[in-house]
Amino acid sequence: MTPIMDKADAAALIVAARIRKQLSWADIAAELDAPKVWCVAALLGQHPLTAEQAQKVCTFLDLDDAVRESLQLQPARGIDPALQSDPTIYRFQEALAVYGPALKELIHEEFGDGIMSAINFNIDVRRRPDPDGDRVVVTFDGKFLDYRW
Amino acid sequence: MTPIMDKADAAALIVAARIRKQLSWADIAAELDAPKVWCVAALLGQHPLTAEQAQKVCTFLDLDDAVRESLQLQPARGIDPALQSDPTIYRFQEALAVYGPALKELIHEEFGDGIMSAINFNIDVRRRPDPDGDRVVVTFDGKFLDYRW
Amino acid sequence: MTPIMDKADAAALIVAARIRKQLSWADIAAELDAPKVWCVAALLGQHPLTAEQAQKVCTFLDLDDAVRESLQLQPARGIDPALQSDPTIYRFQEALAVYGPALKELIHEEFGDGIMSAINFNIDVRRRPDPDGDRVVVTFDGKFLDYRW
Amino acid sequence: MTPIMDKADAAALIVAARIRKQLSWADIAAELDAPKVWCVAALLGQHPLTAEQAQKVCTFLDLDDAVRESLQLQPARGIDPALQSDPTIYRFQEALAVYGPALKELIHEEFGDGIMSAINFNIDVRRRPDPDGDRVVVTFDGKFLDYRW
Amino acid sequence: MTPIMDKADAAALIVAARIRKQLSWADIAAELDAPKVWCVAALLGQHPLTAEQAQKVCTFLDLDDAVRESLQLQPARGIDPALQSDPTIYRFQEALAVYGPALKELIHEEFGDGIMSAINFNIDVRRRPDPDGDRVVVTFDGKFLDYRW
Amino acid sequence: MTPIMDKADAAALIVAARIRKQLSWADIAAELDAPKVWCVAALLGQHPLTAEQAQKVCTFLDLDDAVRESLQLQPARGIDPALQSDPTIYRFQEALAVYGPALKELIHEEFGDGIMSAINFNIDVRRRPDPDGDRVVVTFDGKFLDYRW
Amino acid sequence: MTPIMDKADAAALIVAARIRKQLSWADIAAELDAPKVWCVAALLGQHPLTAEQAQKVCTFLDLDDAVRESLQLQPARGIDPALQSDPTIYRFQEALAVYGPALKELIHEEFGDGIMSAINFNIDVRRRPDPDGDRVVVTFDGKFLDYRW
Amino acid sequence: MTPIMDKADAAALIVAARIRKQLSWADIAAELDAPKVWCVAALLGQHPLTAEQAQKVCTFLDLDDAVRESLQLQPARGIDPALQSDPTIYRFQEALAVYGPALKELIHEEFGDGIMSAINFNIDVRRRPDPDGDRVVVTFDGKFLDYRW
Amino acid sequence: MTPIMDKADAAALIVAARIRKQLSWADIAAELDAPKVWCVAALLGQHPLTAEQAQKVCTFLDLDDAVRESLQLQPARGIDPALQSDPTIYRFQEALAVYGPALKELIHEEFGDGIMSAINFNIDVRRRPDPDGDRVVVTFDGKFLDYRW
Amino acid sequence: MTPIMDKADAAALIVAARIRKQLSWADIAAELDAPKVWCVAALLGQHPLTAEQAQKVCTFLDLDDAVRESLQLQPARGIDPALQSDPTIYRFQEALAVYGPALKELIHEEFGDGIMSAINFNIDVRRRPDPDGDRVVVTFDGKFLDYRW
């Protein structure tokens, strides 16, 4: 008996295959017929794939059964703390530091006491052309949950 | 000579006036003719107001000159660490923990090596009706900046 | 204009009134016709009260309008870090350290990939008589939310 | 002489065997005739098994003597800090942050000065059907211990 | 209504009275007819006093009703983090760092899987004369609690 | 040239040999003619053994020269931080949080300004039978050192 | 006897006077005939002023003797941790995270084993016009100190 | 399929080759026709190289394809925390602690509310001869970005 | 009854009196006939003074009885964490980071297993003239204590 | 190409050779004709050796070329955090906590505003015989550097 391959190791193999085969994440998402952010997050280890999805990815990228098995594993979600200060990710943290309390006020004003779910939730990233320089537009979209005893 | 009123104290007085006068943040933003998230963030201490904006807010809310002066002060930006674990704010952190590395991958794929600016940046929050329960939709919109030596 | 009384200060006055009037939390919860844990948490500052509830509590405990106003404020939720190591609270943390990963496994086995909501959620504490020493029984009861894109 | 297999390594092999043999934790708990949460926690490394229990598990899952030996080892209990922010586990932390001080107040009111034991203690998780969505119900049940000099 | 005096403030007044009246902690413990360590810990804020004990202390030390009331309050137990590195306290931490794992091994060997209770527990400190320099002898004495599902 | 075996690795081999040979720590301490807590702490890596002691232990447990050499190494003392929250060890920390400041007061009252040495120090753990449940009794015994310029 | 005014309080009064008198930092530096960065750092509390400089600043800004006395005090240098994440300051931290190890390599290559002094040191900030947007140019200039036994 | 070589491992091989071939960083930067600080930072793993640059470096240093592939990978930027307290790097941190708030004031005075970009940014280090001991001069040069909604 | 003045407040008054009376620490140490470092440390709150010493200092500096009383109080020793990064203090930390393990090796080589006492200990600081720039010479002098069971 | 041996690995081999050849650090320092503390610190990885010194050490201790190469590498200086709480090292930290602010006051009084260099610096440890028990005497000796703009 051997342990199931760690999801971080599976992700490293997926990244290697993607680069060596000169595929984009968009290509892989298209193959899986899945939303792009979900797909990348899942392949990096944040969501389990179904058996069928795992098979498809591994066939597409020529990866073996150990990867296929790992991708179906229920993940322990979270971020490598070292990544929190990567500049591309940190700017989101900084935006939340500056605007987080304002979002809280406006969510309570609009919806009452509660939260935006991060579970019944999706997220999208897209490019918006702009003559002053194109823009990154990221949309968080989660169900409102009210505190309900 | 007395020190300029701390922006946190000014914010507390604005919050008190808003509640006692039964005004919404939307009412105040309308009075200032400013975007809602910017306006709430600024009044909570994250952006300086112009002299004219500060005057308008203080007149609208019957607040005195000490508040007016404080609102124009250049802020030291950031979040009270105790607020980071407030559930309404924490869900955004959790979403970034789960999806942050995927956003990084997709930004690099779409734009090349760089970041979404958190300075040349705006953010909006709105309600999206949904038969399964209305949704909170938050949009981050920042200029892409490429690493440019 | 004065700031609204901090919820921690309001809680300190409620605790003082409760002790000096020799009332139990159960008495106050009965007066409010509210579940006990919800009621204590709310009066300690973790939930907003309606205007009517706030009025009722302040009348019952002879507290003034500043407390009444504070109790209706939307809270910033969280715990004083110093309380985390209080032995009565720490034992819950320790139980989660020992059994948390097992709960995660069993929730995934029974419900699939998702979480127990801490928002659509209630909690109860009761005494269970036992000849070997009575027992504290605490029940967490939250809606299951599945990861749903 | 070789060191005894680390309990984390034994747990990884148990997880792998469970998945490959398509067994549920409930199947394993039934085989051991042990409560479910106890059983999962023990197999993940939080409780020692008796020689007989360890033998039974290893036979059931086709695991070798190194696992059997490891499972009987006295554990050093605790949680991998990275797991504390997994959303499924974090919601329990959040519930304790919001309700912990209230639990403390009510335990003292009902029992006097003391704690709920986390040692003379058991815990159960079950599904409660609900038309608005089924619920996760977790029960902590520990002996009350009073401060007794 | 005023809040109940904080236990730290009550402790500061007790310390001041003790010094100005040139009383020892032993004198106060004798007056209360209580064990010395318990008594000092309680007066520093770690245990509640009965109404009778609180009255006795305040009469003995000429302290007023606010102190008397505070001493009866249920405490939130714990240590000021700044005190953890005071050399007199730190040496106990260091001894636990060096000998803690050995104590764990020997408790498990002698009693089986479990802990020494810190609740059903007492502690004593005394001087043991020694020609090479007198010694501080501190005895921890707690009920053994076995892990019992 | 190979590095000297790490004391943690030597400890893991000693633990394995002890369990497989069904020896108690008491048996090993007797073989070494050493106090029990000292002996376990030393074998876990907190004290150096003499050449003779190291030889005796390795002969008794059938361990090889690499272990013998490692046991004589001067240690870097301290505790694995993960062990600090093991419940059996944590209860000592909790007792120090509750009683540490009281011990400090009483040491100063009895001995003057100074500390209990953790170097010229010994510690013992024993079982005290008690009809209400046997008790763990741990005695810290260290030379008093006064601040002496 | 009253304590000397805290340098943070003196800084707050200087900031208030500067704003109300509509003076720039450059005006104050010119009045003191001192480099701009040194001057602002000193007035914010990071360097002591001479008696003459302190007098000049207080006359210029109409501040009283308590401020004058405080400005001459030897400072305890350092930064308010909350400021470390202010975006304007954080970008310098980020630049050091990305380029710090490279600076270390190049300092060692050019000068040998040693450091740039932060004591025998000055720093300047200026604007460099650029058609693509003006640039902030900050120059660190410190004496090289070699490790010299 | 094998994972792509970690950028830290690639950096270690580049450092080894540079030393064994007795090349300076300046030699390598010249070969790449790139600024020195950018070049060292990139080879230590903070910037991706183009395929051509990666090829050139590996040919120059006799390194194999695994290194070449790794150098082109998009990095996760940041610093090993252990390096933050290396004296050569720490002095920059200390200078920012002492002068950071002053830089913030002067940037706001000169440019208005905003930041120096760390992305549209370059940095240089050079020796300035000085009769009192040569000096390390480091220039940060980043585009000013104003807060622009 | 009022609390005894905090030692930090007493220290602030001593510092103010020393500066306003234009006395050096050396003058005060001479008045007390005490070693300089001990004297400054004690007046900053790290050692208790005798009644006679406290009286002498307060007479010398024209300070009142509240200070005199505070100076005799048994201290809780330790450092304000903000001071740890003051450059004058930090250099000692850095020296210990670089040379601490070497000191440990050499103490063990010279004395055997044990420590330099920080209790039976004194410390001195003096100037050593040097043509290349005078030097700060600090001598730690503590009794060796061997691990003695 | 292989990476250069890590300095920690080289140190482990030096320690092993020193013990197995029954040499003291003093013997090695004599062979190198270097000060003892410098020599031990350098061999533990805190200073680079010259090619000649590295050769001499490796010949003396029969170590191979990989060690010789590693010893000449420019170090990243600092301490393993786990060592900070080793009792022999911690006592120095404790002494700095108690006396650091006093050293700061006296350095400023004697030399003016500045620091003791930790770079142009040496340190010595020696035994001072004393009838009450020999003493460890450690001397820090660093050039005074004044804040000089």
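In order of appearance the chains are A, B, C, D, E, F, G, H, I and J, and numbering begins at 1 in each one.
By our rule, contacts are C-beta pairs under 8 Å (C-beta built on N, C-alpha and C of every residue); 3 or more make two chains touch, one makes a residue touch a chain.
Each chain and its UniProt protein: A, B, C, D, E, F, G, H, I, J = Cyanate hydratase.
The structure displayed is predicted, hence computed values, not measured ones.
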| item | value |
| --- | --- |
| If a chain touches chain D (Cyanate hydratase) and chain I (Cyanate hydratase) alike, it appears here | E, F |
| Comparison of E-J and G-I by number of C-beta pairs in contact, larger one | G-I |
| Most distant chain from chain H (Cyanate hydratase), judged by the mean position of its C-alpha atoms | E |
| Whole-Å gap between the CA centroids of chain A (Cyanate hydratase) and chain C (Cyanate hydratase) | 33 |
| For chain H (Cyanate hydratase) paired with chain I (Cyanate hydratase), centre-to-centre distance based on mean C-alpha positions, whole Å | 42 |
| Centre distance in Å when chain B (Cyanate hydratase) and chain E (Cyanate hydratase) are each reduced to the mean of their C-alpha atoms | 47 |
| Overlap residues in chain I (Cyanate hydratase), where contacts from two or more other chains coincide | 76-78, 83, 85-87, 94, 97-98, 104, 108, 114-115, 117-121, 145 |
| Pairwise chain contacts, counting only pairs that touch as defined | A-B, A-C, A-D, A-G, A-H, B-C, B-D, B-G, B-H, C-D, C-E, C-F, D-E, D-F, E-F, E-I, E-J, F-I, F-J, G-H, G-I, G-J, H-I, H-J, I-J |
| Chain H (Cyanate hydratase)-touching residues of chain I (Cyanate hydratase), taken from the complex the two chains share | 85, 87, 90, 94, 97-98 |
| Complex contacts: residues of chain E (Cyanate hydratase) adjacent to chain I (Cyanate hydratase) | 9, 12-13, 15-17, 19-20, 61-64, 82-83, 85-87 |
| Residue numbers on chain J (Cyanate hydratase) that touch chain I (Cyanate hydratase), as the complex places them | 24-26, 36-37, 40-41, 44, 46, 77-80, 83-84, 86-89, 91-111, 114-118, 120-121, 123, 125-128, 130, 132-145 |
| Contact footprint of chain A (Cyanate hydratase) on chain C (Cyanate hydratase) as seen in their complex | 35, 38, 47-48, 74, 76, 104, 108, 113-115, 117, 119-122, 145-149 |
| Footprint of chain J (Cyanate hydratase) on chain F (Cyanate hydratase) - complex, ascending | 1-4, 69, 73, 76-78, 118-119 |
